[in-house]
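Here is the structure we will look at, set down as structure tokens.
Note that the chains take the letters A, B, C and D in the order they are written out, and that residue 1 is the start of every chain.
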């Protein structure tokens, strides 16, 4: 009779003891989704751990490009980011990015915010590509396939997969079910879906069954690692 | 008689064209004034692209919550009946045609409704688009809230935008300090202007052909500071 | 000074007094999304009201085709349905539908369940069309455009818009924010998004502000009419 | 030595190939037995296409809730850690490659992994596909749980499916009452069979070329009724 599979353990527990452990295997050249909008919901402690970890030549997907000096800004400033895919690089304090960008040392792919969100969701949902009216007739659809659908010009957009997602949520259980807080939800749920490995920092880890099954925003299937960070840093 | 409306007065004027129960997205900057001018007894539901319906006014120091900001990254509140959701759902609302009115700033509006409001194409500012193209493509009505002319006097209502577009044929009405102009298939129709400003004077400050509506009305000057 | 717009009223209240009033304006020839899966979450009282109302030549979109004799089955039995778009017509008691189908009196468009859900969501989200791997190489993708994306064959699928959606939810407020109960959620949230006019029957109407903003499943923007049905009928 | 496994024994065998923490979708009918054979101390999370993760066993009369059913329309329960979601999210899990294992019934499996399980193409039954094509296209592994032969003795593992397909090149392993067969690029590899059944006898009941794995093992006969 065959014994239990080698990977088996007594129970499923996605909680990782430390930030550094959680990001230890992110390799050079990885594409990383980073949650957050306007500094809210940004997993700054995970970003700092990634900074300490040393991976370089990264492609980052985020709504903006990082304000201030820590987290994403630190990664960019240290020359560890090859490319940024975002909708709004003009953050309140974009100095670190702007310097690299003007020097031609970082590539920027500018994507309309809704198209960015839908491309991330498409990656998570197994959609191969989709047509959207957003950006038709603008420089951001130049060179892309245009097709008339439902009487309207639409542009073909492709999914935005990631090797890793770094997300900040509010509460998690050991399976990785998540809730968020207010407008800190933003890109978190769709980024959790779209990455091969999703790493989430949460304010609180609760017992399995403590989260209301009607109000879980990210079901555990989309989460690989949970790190408890009771008092997260803030970008600015 | 003042020669032009203040920005608060323009915002007040826009409020008059928003219906009870409308779902409204307000662009960053000037359009945010529209929320301030909304009478307290009206239920207009403000959408914020970062996953909020029912955006409320600025918080008191006690209400302030660092996890609750508006699209302009300012601290905000939620009104009773408000809801939070993620970014894909937020832009499903926009792209899917569920937003009744988007109020956006504009660099240029063309006579066919083309909107340019995200970049002048110059290298002075970092390029940044945010949700502007989604709103232009998706909102049922797009109200452009802007100065009638650029700082150098150049018309901002033009035959054809010279700046890179945000969206095609999307602007439905332009609200400036001197006029309310509908953009229709038949052209730019002046719905309101100052009674004592001749159409010719308005035309002289405008880069597209204007037509005065048969039922045009004088632009009201509300007492809103 | 311009007076308030003609449509203005003191406050937003989407609650309609009766089922019959709520469906009164559904015209002949309408395309209607009807929520529910396996009899759970089906807005049977709204369907019965539609039966009483008399509209005919309807196109119905539902996961199945109705079991038993009431609701959708009554509409089908009375010859009021021109076409059904669904994934699983083989319900526990499909007699009414089967008879019409075998007689060639009703058109059936069979759609894989996930493609059905995604087509409905696409309609609600303003997506013009999308590529999916589901059904490639099967009879259900015959005649459709196939394209290789990400190294995989994908079929192009189009949004499924509706004139009306009939949905059953659990609780609503007067703005139309909704919560659901357990597996009765199923197609409700996406159908609410995809119809020009969304009509929802709910077990309970609560005060504005009583629903947790973190746990509202369908935000009010997707809902047009709410009818209070404290004790809904059941299909079987 | 019995000549074949019972369906419960096949289900038990499938359980051995499901890892702790796997997210698993079980097709309607026979595959539902897999949940019954899962040891109580193992955490395998069952997905149900109608918007459930963490599907639990059949309810007691007290637990029964008419709003909680499984994909087979039977009353169900939710385990602690379970969650509800809507249909588009449910199939995003499936299509997006998040389901580790789908266990599906099958009419035919071809040597290239093609699966036919939704219609025989005849007019006897109403055509119905449900979520089968999505699972075939999306699950990381597709386990086919089936009788080795049809009622008339015809092989169900074939060179090429004669019935309309559910999905192409999707089945990873076939579990029958007499064998466990991996479907690999190099062909149909017998991983387990009864020790006393010669490969030739198994081959005689199979429509595709079989290869015995070097490390093949005897099919275990668990005491599970």
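A few points about this structure:
One rule holds in what follows: a contact is a pair of C-beta atoms (placed from the backbone, for glycine too) under 8 Å apart; a residue touches a chain by one contact, two chains touch by 3 or more.
What you see is a predicted model, and the numbers here were worked out from it, not measured in a lab.
Path length between chain B and chain D in the touching-chain graph (shortest route): 2. Repeating the A-B interface with over half of its contact pairs identical by residue number, the matching pair from A-D, B-C or C-D is C-D. Note: centroid distance chain A to chain C, computed from Cα atoms, is 33 Å. Listed for chain C are residues 118, 121, 125-127, 132-133, 180-182, 213-214, 217, each touching two or more other chains. The multi-chain contact residues of chain B, meaning those touching 2 or more other chains, are 78, 84-85, 88, 91, 94-95, 137-138. Here, these are the chain pairs in contact: A-B, A-C, A-D, B-C, C-D. Partner chain B is touched in their complex by these residues of chain A: 37-41, 63, 87-90, 92, 94, 97-98, 101, 108, 110-115, 117-118, 120-121, 132-140, 153, 180-190, 217, 234. Within the complex, the chain A residues that touch chain D are 1-2, 4-5, 7-12, 121, 123-127, 173-175, 177, 193, 208-209, 211, 213-214, 216, 219-222. Residues of chain D touching chain C in their complex: 48-52, 65-69, 71, 73, 76, 78, 84-88, 90-91, 94-95, 114, 125-134, 137-138, 164-168. Only residues 118, 122, 125-133, 147, 149-150, 152, 154, 158-159, 179-182, 212-215, 217 of chain C touch chain A when the two sit together in their complex. Listed in rising order, the residues of chain D touching chain A in the complex are 16-17, 19-21, 23, 41-43, 45, 47, 53-54, 78, 80-85, 88-89, 91-99, 137-138, 217, 220, 222.
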